[in-house]
Structure formats: C-alpha cells, structure tokens
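Quick one: the structure is below, and I'll ask about it shortly.
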Amino acid sequence: MTLDSPILRSATRLLLPLTLMFSVFLLVRGHNEPGGGFVGGLVAAAAFALVLLVQGQGAARDLLRVDPLSLVAAGLFTALCSGLPPLLAGGAFMTGSWLKTPLPVVGKLGTPVLFDVGVFLVVLGITMAILFALAEEER
Amino acid sequence: MLTSILLLFAASSLAPLAHRALGKRAGVCLAAVPALLFAHFVGQLGSVTAGRASAESWDWVAGLGIRLAFHLDGLSLLFALLVTGIGALVLVYGAGYLEGDPRLPRFSAAMLFFMAAMLGLVLADDAIVLFVFWELTSVSSYLLIGFDHEQEKARKSALQALFVTGAGGLAMLAGLLLLGEAAGTLQLSALGAEAARIQGHALHLPALLLILLGAFTKSAQFPFHFWLPGAMAAPSPVSAYLHSATMVKAGIYLLARLNPALGGTDAWHYLVILAGAATLVTGAVLAYGQTDLKRLLAFTTVSALGTLTLLVGISTEHSARAAMAFLLVHALYKAALFLGVGAIDHEAGTRDVRELGGLARAMPLTAFAVCASALSMAGLPPLFGYVAKEFFHEAKQEVPRAAAWVSTASFLGSALVAAAAGLVAWRPFFGRRRSQLSAHEAPPALWLGPVLLALLGVALGLFPGSLAVPLIQPAASAMRGEPTVVELAPWLGLSPALVQSLLMLAAGAVLYAVHDRALAALAPLRGLARLGPDRGYQALMAGLVALARAQTRALQNGVLGVYLLVTIGSAVALAGYALFSRATLAAPAGGGVRLGEAAVALAMVVGAVAVIRARTTLIGVAALGVVGYGVAVIFLLFGGPDLALTQFAIETLSVLLFVLVLRRLPPLRQLSPRSEHLRDGLVAVSGGLFVTALVLAATATPHATPLRDWFAANSLSAAQGRNVVNVILVDFRAFDTLGEITVLAVAALGVVALLRLRPEDRKESL
Amino acid sequence: MTRALPVLPVLVPLATAIACLALHAFPRARRAASVGGAGLLLLAAAALLRHVDAAEFAVLQVGAWPAPFGISLVADRFAAILVLLTGVTGLAVAVYSLGSIDDVREAHGYHTLFHVLLAGVCMAFLTGDLFNLYVAFEVMLMASFVLLALGGERAQLEGAVKYVTLNLLSSGFFLVAVGTLYGVAGTLNMADLARTLESGVAPGLSTTLACLLLVAFGIKAAVFPLFFWLPASYHTPPVAVSAVFAGLLTKVGVYALVRAFTLIFRAEPEFTDALILGIAVFTMVTGVLGAAAQFEFRRVLSFHIVSQIGYMVLGLGLATPLALAGTVFYLMHHIVVKTNLFLVGGLVKWIGGTLALESLGGIYKRRPALALLFLVPAFSLAGIPPLSGFWGKLVLVKAGLDAGQYLVTAIALAVSLLTLYSMTKLWNEAFWKEPPAPGPREDQPLPWTLLGPVVALAAITVAVGLAAGPVFDLASRAGAQLSDPARYVEAVLGPGAAR
Amino acid sequence: MTALLAVVIGILYGAGLYLVMRRSIVKLVLGLGLLTHAANLLIFTMGRVSRDGAPIVPPGAAELTAPYSDPVPQALVLTAIVISFGVQAFLLVLVKLAHRATGTDDLDALRSTDQ
Amino acid sequence: MTAAVGAALALALIGAGVLLAFVRLVRGPDLANRVVAVDLLSALGIGVAGAGSVLAGDPVYLDVALVLALVAFLGTVAFARYAERGGAE
Amino acid sequence: MKLEALALALGWMALTGDGSPAAAVFGLGLGLALLRLSKPLGGEGFARVRLHRLPGFALFFAREIVVSNLKVAAAVLAPAGRLRPAIVAVPLRLDRDAEIALLADLITLTPGTLSLDVSSDRRTLYVHAMSTQSPDELRHEIRDGFERRILEVFR
Amino acid sequence: MTGWLVAALLLLGAAFMLLAALGLVRLPDLYLRMSATSKAATLGASLILAGAGLHFGTAAVAGRAVVVIVFLFLTAPVAAHAIGRAGYRRGSPLWEGTTVDELRDAEARRRDRGRRNDA
C-alpha cells in the first residue's frame, strides 16, 4: 500500500529531479562550502525515499535501477580506488592528485573529489538498502 | 640422549601404523626400541662408573636461559635403565595382555610416549626441560590411567591423578624458577656447586617448599598419596610401569637430583623425613587392609615411596646408597608383582585374595615370579630386597632428629609390608584351589616379564657386588654430589640390622596370620577413611563447582540491565574517582549565553526528559528527534554548518526508519520496580555529573590547537579545498572516512540480511 | 612496495570484501575470492612482519600528510605480529567456512562481513591515530554485530542484543575519551598524544581519560567486571564465526589496552598498573570459575577467553619488558589456540550433532586422531609443555616472580590448573565417555575444509612450542619495543620528537 | 555557553544512561540514541564553542584566518554521526527481530543464552 | 543594522510561534494533530534559518533551510503514511 | 520534457548563483539526465503549457494568496463567529495527474480551503472549507476560478 | 533602504508564522488548523527567505532563497493533503460546527472495500 493520490504522485515527479539536483549541488560544492558526499548522499536518498513512501518500493527500485547494495559496492570501490594510484606508484595510500586547472562549474577535480563521490554512492546505497528492506518487511 | 628420547617419541607416533602393518608381532617389534636403548645405556655403564658423565645441549629458549640440555650421570643412568628395561618388558607384556583388543595400538603409543617423557625427565639437565618432561609424564599417565575411559571410575581416577600431580607440578614450576633465580642457573648438574649461594638466598625456603610440593604429589607422599590407589583403574601393565619404575619415582628422582643443592639443611631434613616416614606408615597400614591385590600393591608402593623419601631426606652417604639400592629393588619386584597380578587377573578373572587360591600348579612360572618378588619385597635373604633393607636399617640410624620415632615407624611399616607380601605371595598360589577358577599358565608374553624381573632380583641378591654395585655406586655418588663408595656383599654378618630384619619379619608373619581377623576387627574403623585426604579432594572439587555455579549465578545472570549497571557503574566510579581526586574544576571562560541558545538548550533538556517520560514509542521517538534537532541547531549556531546539514538529514531519515519499524516495535512499558529506578537513577545521575565535570575540566585547560592551525593553513593551498571540514573528511583524514563508509556498508548489509533471511529458509550452519 | 606494507593488511581484506559483495551472483567465485583474499592477507602480513622485525617500525602517513596531522599507520613488532596472526586465523577460518557456513548465510553476505571484520581488526592493530582506532573498532564491531545476528535464531538474537548494547556502550566511552583527549591535548596521533601528555598537560585529566579508556577497552577485551557480553553471545553464532571472534576480537581490546598504557598514559604508572593488575587477577579467576560451571562446549571455551585475557592483562599490569614479552607471546599463542578449539568444537558438533556436553561422547573411541587434535590446543590452553601455552604461562610467571608479585603469580598458576580441569571436562564428556545416543555423522569422513584448518593450527601450536626460542625472541623484541615508547614516538614524528 | 552545554550534555548523559538500564527493549534503543547525541555534542564542545563562523576559507583568501570554529571536532563528529546512523538502523532491526523471535520486550526475559 | 534588528524581532516572534506549536504538539490530541504541529515547527525552523542568516550575516543558513524544507516534507509524508496505515500513537 | 529540463537548468543556476553559459549548459545536461533518471516514475505531466498565459495565471494566484491569508488571519484572531466549515465534493473536469495536483495545491494554498482527498476514480476532489455559505457556491467558485484557468494554461 | 525593506519582510513573515502558530492552537479541529498553517506558515517563511535573499544581495544567495521558496510552495500543500487525508481516514474528529461532510460516504465505501479485500 502506498500513499497513492494524484497530488502526491505529481509532487513526487516534480520533487525527485529537483531534490536530486540539489544533492548533486551539495556534492559538487562540498569541497569549498558546506555540503559534500555525506549530506549529498543523504539528500539523494531522501528523494528516492519520497518515491518509496508515495509510490511504493517497486517504483523506487525501478527508479534506482541498480540494487542498492551494488551501489554500495560501487561506492566503496570508487573510494578505495581513489586512494590506490599513488600506492601503485610507490607513494603513500590516498595521496591526493589534482588536475592543474579548475573546470567550470565543478571546480578543481582530484582524487579526493572522486573519494567524495564514492562516499556519496555509499551513503545513497546504504540508505536505500535499509529503506527497501524495511519497506519490504513492513508489507 | 636426545636421540634416544626422540626415538621413543617416534616409536610412539608410529605405533598405530606398526600395529596395522605388523599385526601380532608389533608388540615385540615396538619393544625392541626400548630394549635397544636399554642395551645402549648398559653400554654407558663403564664410562659412568668411571665418573665420566656425558652431556649434550642445545639452545632452546635462549632468551629465558633455557637450554635443551641432557646429562647422563649415575642417577640418570640407573633410572634410564629402569625406564627402558622395564619398559621393553611391559610393552611385550601389554601386547599379550591386550591381544585382540582394538585399543592395543593406542596402548602402545601411549606407553612409548610416556616412556619417552620419563626418559627425558631423568636425562634432562635443565630445570625447565625437566619440568617439560615432568608434565608430559602427567599427561600421558592421564591417558593411561583413563585407559578404560568408558568407565566413570577410570575417568575420575585419571583426572584425580592429573589434578593432584598437576597442582604439584605448577608449584614446582614456580619453585624451580625461584631456585633458578637463587642459583643463577637452571642447569641441574651445576646446582650442586651453588649450594651455598642457594641456601643463603632469601628465596631458598619458598623454592624448597614449592619444589617439595611437586615432588611429594608426584611421588604420592602423605597427604597426597590418595591419588595413587585410584590410579589402579589402569590396566595392569600400565600400573606395573607407572608405579614401579617410573612415574611415581619421578618425585624421588627430583629429590635425589636436587639433594646436592638443597639437601642437608634443617628444613630439608624435617620436611622430607617427616613426609617420608608418614607415608611409609600410612602406605603400609593401608596396604595391609586391602584384599584386592592390585590395591594392596598400590599401597605398598606408597609405603615404598615413603621409605625412599625418608632415605633421601636423611641425605647421608649411607642413606644415599640405601636409597639407590631400594629404588632399584623396588622397581624390579614391584614391576614383577604388578605384572604377575595382572596375569592372575587375566587368567583367573579376579584379583581378590579372598577368592584366589591354589593357582601355583596351573601357573607355575607366574607363581615363581610373584613369590620371588614378594619375598624380595618382604626383605627376605638372599633376595636383593634383603640387601636394600639392611642398608635402610643402617641409614636410619643417621636420622638427625627424632630417630626413635622414625625407627618405630619404619619398623611398623616394614612389618606390615612383609605381611602384605605374604598375602601376595601365598594366597593366590597355595592353599585350597577355588573351584570356579579354571586358570592356565599365562602365555609367554605375560610371564616372560615377571620371570625375568624376578630372576634379576635373585641374581642381584646373590651377586650384589658385581651386579648391583656398578648401578648403585654411581647413582649414589650423583645423589650425594660427591664420590660415594658402595660395598655390597650378600651376607653382612650378624649385625644389629640383621636382628632388626628378623624381628620385623617375625612381626610380619604374625600380622599375616591374623590378617583376616584383623580386617574384620578393623572393619568398623573404615568409616575413618572418609576423613582422609581423598575426601578432602572430593570436597574441594565439589566446592569448586559449587563456587563456580554461585559465581556464575551472581555475575552472569543474564539480566542486561545489571550488566549495563555494572559496566556503567565501573566506568563512572573509576573515571569519576580519578577526575575528582586529581583534576581541579574551574568554570570555563566567558562566552555568555544568548536567549536563543538558552531556548535551544532548554528544548533539548525538555526533549531528554520527555524521552524518559514518554508513554508511547512514538512520543519517545519524537522527543528524541527534538533532542537531535537541538543538537543540529547547536552545531549550526556555533560554526558547524556541515554538521548541522548532516544532522538534520540524518535525524529525519532516522525518524523515517523508526516510522517504518515502529508498528512492529512493542509498546513502551514500565517494567522495572521502583527500587531499580532509584538505583539506576543514582548511577545515571552520577554519570551525568561526571560528564559535566569532565567537560568543564577539559574545556578549562588551555586549548592546544596544532592540528586546527595546520589544517587552516594548508586546506586550500595543499588540499585544494576551502571547506576545511570537508577537506579533513575526504583528504587529511580520509582514511577515517573510508572506515566509516565501510561501517555504513556493513550496517546496510546487516539490515538487509537480517530482514531478508526469513525463518523458513534459514539453514543450520555448523 | 615496502612503503605500502602497513596499509596492505587493511586494503586486501577490504578489497576482498568489496569483491565478495560484487560477486553476489556467483557463489563459487565468491568463495574462491574469500579464500584467495585471506591467503593474500596472510602473505601481506608475513611480509610486513618480516620487514618490521628487521626495520623495527614501518610507518605510513596516509595521504602523505605529515605525522600529527594526517593519519599514521604504524607497525611495530607487536602490531605486525598480531596482524600476522590475523592472517593466520583469517585463512584458517575462511577455509573452514567453506565447509561449515550454509549457502543462505553466504548469499546474505557472510564472506563480505568476514573480510570487513579482518580489515577492521588489522586497521585497529596498525593505526597510529586514536580516532582512527575508534573507526577501526566500529568497522570490526559492525561486522561482528551482523555476523553474530545473521541467522536470526532466538539465541543468536538474544546474544546479539547484549553483545551489541554493551559494545556500543564501550564505543561511547571510547568516543568521549577521544574527544576529550583532543580537547585537552589538541591532537589525535597516538605518538603525539604520548609526547604531549608526557610534557605534563592536565595530568589529572589524563588519568581520568586513561580510566575511561581502560573501561572502554576493557569491555572490548572482556575483563572483569566488564565481560558479560562475551559469555552471553559467543556460543550462539556458527562455529566459524565464534572461532574468529574468539581468536581475534577480544585481542583487539587487549591490544588497545597495551598500546594505551605502554605508549600514551604513563603519567601515573603506580596507579594504573596496580589497577590493571587487580583487574587481571579478577579476570583470570572469574573467567575460569565461570568455565567450571558450564556444560556446553563453546560456553566453557568462552569463559576461558575471559580467564586468559586476564593473563594477557597481567603482563601489562606487571609492565616489565619481560612481562610485556609474556603478554605478546600469550596473545600469539592464544589467538591460534582459541580459534582452533572453537574449530574443533565445530568438528565435535559435526560428528555429534550438538555441543551440549551431556549429549556428546565416544569420539576418542571412534576417531582417536581427531581426539588428539583436540588435545593439542586444549593442553596448550592449559599450559602443558612443551606446547605454546606453556611458554606464555612460563614467561608471565617468571615475570611475576621477578617483580615480586607472588600472590598474583600463585593465582595465575592456580588458574592454569583450573583451566586444565575444564579442558579435561571437555575431554571426558565429549571424547571419553560413552555417548548417550549416536551422533548424526558417526562414521562419515570429515571434509578437508573442516579438518585442514584444525590440523594446520594444531601444527602451529606444536611448532611454536617446540621452536619457542625464536618465537620468544620475537616476542621479547616486541616487548622491548613496547617498553621504550620514545622509539615509537620518534618513528612516527621523526627523530628528536621524543626529546 | 560552554558551561551551559556542559550541563546539557550531562543531562543528556544522565537521561541516556538511565534509559539504557530500563528493562524495555525500546527504551534501550531510545537511550542509546540520547547517548549518541550527547557524545556528539561533547566532542563538538571540545573544540571550544565559538560564534566565530564556520571553518571555511573565504573566497579570495589563501588560508583560514582566526577566528573560526575548530574543524577537527567537527570532522570527528560528522564521522561519528554517520556511523551511529548505520548502527541505529541495525539496532532497530535487531530489536525488532529479537522482539519477534522472543515475543517479549522485557530484556530481563532474554536470559536463555547466559547461565 | 536595521535588518539585524528586524531579524532579531522576527526571531522573537517565531520563537513565540515555536512555543505555541509545542503546545499543540503536546496537547495533540491525536497523531494527525501532532504531525501538523511538527510540520509547522519545521516551517518555523525554516523561518529561523532565514532570519538567523540575516542576524549572523552568514548565507549558509539558507542551505540549512533548504535541507530542512526537504527533509521536513519527507518526514511529514512518512508520518502521514504511518498514520494512514493505522500506526499507534 | 524540454521545458522541465530548462526549468531544472534555471534551478541549477539559481542554486549555484552562477549565471555563466557553462553553468547553463551543465544545468541543462544535469536536468536532462535527471529527467531521464526519473522516467520510470511515469505519471502524467501537463498536456501542454501555454507560456504566454502563465504570467496572468501567476498574478491571479498571488492575489488569491494574499487575500486568503488576510481571511485566515481574521479567522484565527476571532474564530468564533466566522467559522462555517464544510467538506465539499467538487466534481472535476481536469483528468491528468498534474492538473489535478495543481488544482488541489492551489486550493490548499488559497483562502480558507484545503484539498483533503481525491476520489479513486479521480473525478471528485474533496475540499475542506473554513467558512462557506453553501457547498454549491464553493463548487462554482472552484470551477470558474482555478479550474478554468488551469484549463486555459495547460490545455 | 534595503535594510528597512529586509526588516519589513522579516517581520511580516514572522508575523504570518506567528499567526499560523496561533491558528494551530486556537482553531477547533485538525482541518481548520491545517487551513491556517498550510497558508500562513508557507507565506511567512517565504517572506522571510525573500528578505534574507535581499539582504545578502548576491545572485548566489538570492537564487538559493528563491529555490527554497519554490520548494516550500511545492511541498506545503502536498504535505497538508497528506496529513489531512490521513487524519480523516484515521477519524480525526470534525468540529461540531461543521455544516456538511460530503466525504463521509465515499470514505465509508472505501473502508468497506478495504475490509472486503482483507477477507
């Protein structure tokens, strides 16, 4: 059972991209202003959670497309990999390396940013995994 | 020497294979190993008699000064010969005794293992190495005594033996370490030279006491003698081996070995002689009271061990040679007797003297072996036992104090043992043949050992000078730590000792004659046995279990609230004590409070109280949420926007979690009684006070900020980020974050797994 | 590659865990990855110990940020030894799991959780940063929470509730202590903390925080009177899980205690050492008495963990180099032996269908070789020479006597006797006596996945006992390092840092 | 303000500790939640609360210049918050399942694994 | 300066509103009423963030307001769903 | 879809406060990506949007809001005499999700009315009114007010 | 000048919010209370945010303020709808002065359907 109503459904349709955009915004600017992977991931999760509440977990799963635990694995993998290149080059694990010139909009790119992306994915993944499991159980 | 020990260990581990491959011949083949070693040690006699001890050593645990050191002097050699010689015979015997029994391979393996340990024990020249083998004998004897492990009695006896000797062993370990400390060396052969240093050392007495505890338990000295008869639950060959030449003699060996270092002091005299004398009498009295031949032999063993201890305690030249002679003869006759009794048991099906009789014609060889050995035990000339007894009478004249008491005790003991010997020698073989017995002579494997040993006893008695002296003299020398001359002739002439022997034998004869009546007369006194140390042991073990149960009921009572109370209470008490006794509390500097901040603080406090007082889960969750949002606002107000954002988001998602679970959660209930509220409240309030004090004390200290300053300076320039908190999280301390997202991943995995794993598709894992 | 050594023992299991998570659709590949990853961890750990034993320290500044600012990974001999043992235990249990963990648990992430646990344990041993240690504890704990509860049987859930609650409390104390330490000393790096606190910053507070950490780590280590969670839970999960818990988890608590009280808190040794010594005695005694009251294979073993934690803590309380060497040796011995005993327990359950002692019996008669395999770790645990446990006990007893702590030493010896009592009880009940009813798999051959790890660990126990010399030398080199914290400080912060 | 926060933290601790010692399994969860909040606030306070603004380098500046809040406790707290989120989710599920498996919410009744 | 004074006054008014909302939160009488109260509290929180950002001179409060608006909505929907499913109070 | 993407791009620029072409392009790209991501959600958007009528619609709405709030203020400050609440079933001409939602939202945001529920056949909207003389009057107001205007803009 | 405008916006917004809160306390039933909060609070918060956006005067801040306002207008009525419906379905009582309830029958039919589905 969901909170099915045209009103809520339409609101979700509207809020979902908006919220996700906000989460990307938080992620992108987190290195320089409040935000970052954690809160970005949480906000993204909130967007999907809304779908889950309103349209049920089937819709939310379709929307997420991948199994949330795969998202977790991907996030962990990304975070781990962001630290590996220097290690393979004989340096210290997780030594940051940066592109010389900042890109427009997203700013400077470097392995710590990649790490933050990993964090984002993990947080999104775990929140959705937990919510899906609970919602499934709730039925 | 290490080679010979390893050879036995190897034989032990190969024994099961050997039995599978060789079948019936395996027993003899395995016995060949100790037999060969026996031959090897016989070959050493010459050089050892000439005073050339051989030694070998390797580093073992260099850091602790422990060397894998071995040393072959007269004492070790005497023991090594007994261990290997009797060992070989017992293996042969055992193969016959357990023929067809599926447990035979295990028997051989355990015996060889024990043999190796015992050989290691007597050859070791390092106190710790000696202890290693000492414990190995305990362990392997545990398996041997519990050989009939499906019977509860066997299991209990095995445990009792292990526990008592194990306890002594641990004391001894401490004693040996202290001794090593006092002597400056752990090398046994070097201890004698340090005698003065040791005996003057403050640790001397504790070391002595602890070592004696080890020796006394192992050698079944009063009041630790009680485990030995119980150990008779073992099959006869095991008893024959453990209780004649080996296991129980380990304590005697240790005393003899340490005599040069520790002997001669008053403490030594008092303790060792007293224990020996008491054991001598106790063993003899108890032996006399038995009707089971094996138990009877067991108590005579106790008595003999007392005699040996007494002799070692006297610690003179005479006593040394007496000790070594007695040691030798006892090993021979006792092994033969146990084996013989085993053969009787095997053939006649009983060991009770009251049910036996007239077997001499059916089992002539066994009868010969048993009689000859028993007479040797009684000390009848011309057997070697007589010679030993003569020495004993000589030696006990030299008891430094209370000689009369000791003399009386030994006389009484000897007489009782003589009577017991009569029971063993006469009752089964002579007199009326019991109808229900249809015994035949035992197979060769069963009589070979006893007969050989008995013959050896006779031979030694007949030719002591040429046969016994080469064995006894070097051993006595080693025990004394100085060359000791031993002269032996079969007849020492009409000496006071001879007179004493005769008197003692006469007394023994009388006692033998009245045995049945005496037992009947003493029957009412059996109740007294309950007061013995065995009873004490039982009570101790029962008490231990009771204590354990009581403790578990009190501590591990399953009530989580109590666990938490104790844990929290410990933390608060300990850290609180440290804080209030040491730190100075001062109000932190300035800042002032704004209205809004105070309002937030108030809201949080109200929220916290509301959580406690909540009557429904929902209210509790909501109130908790109020506190969480309050925390977020505090973060926001004091320069932590990242924190505030995260806290807001997480707080809301937590509410979502609660909401999803809430309907499945039980309602909030008031369960604890009032007294518990009060008790817990007290602890909780103390905890709160402690934390407040801690925060005040910590924030009152000057704020050292090396990290903060460095991050502030390097965040943008070195890590390309303006948001220092984020830079710390993804760069400076990204390793923390890596761990943290791992935690999250696992938590999610856990939630999913727990919820998905339905009871119906649950499978049993190992 | 040498430079990477201190981080590999964390990365390898973490990567393995991710691989196992990603391979959720391929059970066989996942199992292969699990064992392969455990093998790699062992190799990495061996390489680390080899390197550290020669070079004394291996320090890696994660992210190349200089020492007190970034997170340092520091391997001294003590840490490297423990990491190696983690590798050994990890491989043994990984193989054992193949034959003992059901496919439903496997499908629900068992292998991932297992390797995360290993990663957390290694991280705890290797980190040189107090807050990172907290994180490592959380990694380890979270994985253990799930491993414990996975299966959802009543007993497991009950045990898990207690385990989780008390461990969370411990984490709470830890967190408070770390935060306050930062508030007082302004740093989180353990070497830097040592240096700062030594210079006399807030001595009273430092002792207070030491006490708080003593409780926090004491809970993890399961010392008296904080051990309740352990006997309440360790017998409930699958054998492989309790084996790795028994071998490793409490040891991390001991490790943390040792690290904290040899490196960071040396302001009031007369107070803290006496406290620790008292705790050690009560831990030894209550643990061993607890075991004496039990009649279930794993419960007996669980209480013995407590008791033997007492031994390890005893060495810390005595605080001499020899005593610390004893603690190190004892840890090494105990990890292998206790893991193995639990694994043997699994074999017993496999054969007899239960671990309740009154329903077991007869294994010695039918499977004498297996019975001997039990005796090796059991006697080692009881300190029977020349097995590994004897040397651990010997060193601690000698250290106790040298320090003049006669009463404590006597108690330690008495406790070892009671340990023997418990081991013989297991032997009597499960191996010697006649079983009341035949078990489910009386005559089937044991699978190699179960037998192999047990044999290997027993072989290690015997080998450590026989070759005690070099092993003790290693332990005493580690003990010497622990007794000289200035070297640690300089290794992390640079020469001259310790003045 | 620090003194006020110290008192609030103490009260949160007191309430949390009291709650975890209750017999109701739900109160245990709520109590742990309070303790989490308290611990986070405590660590935050250890950076010496100030109203000086977030530790963010202002545009144009090369480094952060005083005054600003200490970012280190913030990073620690952020880590701790997120960890406790995961822990709380797990704990909730655990409690729920334990409740389902045992049929009771009374922690005193969960004693089958001891003794 | 004027703006700051206005902000402070606004905060005071909102504070009063918060108190009132708490009254409804406590009085209920049912779940839906409490959810309305919470919903209003979050709106008030957004107001606090807006006024606070003026008072503190820090636009970061607006980000908080955005997150708050987002998650408050989520919370309300969650509670509505809970209530519709007949969850206990 | 294109219009929505454009709106999201605007939203991105507003969020970042960055009006540069790069931000616009990025915002558009992101918007398109997010809309693509949201696709499985389905649901009915507006049939069309007559952009030129949007400003007039907004103005009308703004006026309604202000008026409504004043009325509410009066009701709150002196509730007693002014309240004549009712729940009224309003039959709908609109039939797309988005249209119904918009109508419901506008009703809620404006004076004294609150959309409570939509019937499961989506033909009826149930509206709670604070003070209404007769249900028919309210029905009429809505039909001729918001509903008509929505039809004008979005059909 | 901006200062005054900002202050006015803030105060006006705050006043509306207070009004909403007052309505929440004073109005007699759930639906009436929601009528007050869903309008007054949204408007109040929006005014305050507008004031804040104006105060800082940069595009970034103003943009963000607008985003929040839009967001509020998008969510507030939806939230009110969700709560109102849930409240009605749970039977949150109507004030006795309510004149008409045209939802009652539909709700009864819905419940009936639900019960039949369950059976």
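The letters A, B, C, D, E, F and G name the chains in turn, as written, and every chain counts its residues from 1.
By definition in this document, a residue touches a chain if its C-beta (ideal position, glycine included) is under 8 Å from a C-beta of that chain, and two chains touch if they have at least 3 such contacts.
Every value quoted in this text rests on a predicted model; they were computed, and no experiment measured them.
Averaging Cα coordinates per chain and for the whole protein, the chain whose average falls nearest the overall one is C. The chain with its Cα centre farthest from the Cα centre of subunit G is B.
For subunit C, the chain whose average C-alpha position is most distant is F. When the C-beta pairs in contact are tallied for A-D and for B-E, the bigger tally goes to B-E.
Rounded to whole angstrom, the centroid-to-centroid distance between subunit D and subunit E, based on C-alpha atoms, equals 23 Å.
Subunit C and subunit F have centres, each the mean of its CA atoms, that are 63 Å apart. Subunit G has residues 22, 34, 42, 58, 60-61, 64, 67, 71, 74-78, 80-82, 84-85 in contact with two or more other chains.
Of all residues in subunit B, those touching 2 or more other chains are 552, 556, 558, 560, 564, 568, 617, 641-642, 645-646, 649-650, 652-653, 656-657, 660-661, 663-664, 667, 691, 695, 698-699, 703, 705, 707-708, 711, 714, 722-723, 729, 731, 733-738, 740, 742-752, 754-756, listed in ascending order. Residue positions 11, 15-16, 18, 101, 104-105, 115, 117 of subunit F are each in touch with at least two other chains.
Chains touching one another form the pairs A-B, A-C, A-D, A-E, A-F, A-G, B-C, B-D, B-E, C-D, D-E, E-G, F-G. Interface residues of subunit B, counted against subunit D in their complex, comprise 552-553, 556-561, 564-565, 568, 587-588, 591-594, 597-598, 601, 604-605, 608-609, 611-612, 614, 617, 620-621, 624, 627-628, 631, 634-635, 637-643, 646-647, 650, 653-654, 657-658, 661, 664-672, 680-681, 683-685, 687-693, 695-696, 698-699, 703, 705, 707-708, 711-717, 722-725, 728-729, 733, 736-737, 740, 743-744, 746-748, 750-751, 754-755. Subunit A contributes residues 69-70, 72-73, 76-77, 80, 86-87, 90-96 to its touches with subunit C in the complex. Against subunit D, in their complex, subunit C makes its touches with residues 131, 135, 138, 142, 145-146, 149, 152-155, 157-162, 164-165, 168-169, 172, 175-176, 178-180, 182-183, 188, 228, 231-233, 235-236.
By the touch rule above, subunit D contacts subunit B in their complex via residues 1-28, 30-31, 33-34, 37-38, 40-42, 44-59, 61-66, 68-72, 74-75, 77-79, 81-83, 85-90, 92-97, 99-100, 104-108, 110-115.
Of all the residues in subunit C, the ones that touch subunit A in their complex are 1, 3-4, 7, 11, 14-15, 17-18, 21-22, 24, 60-64.
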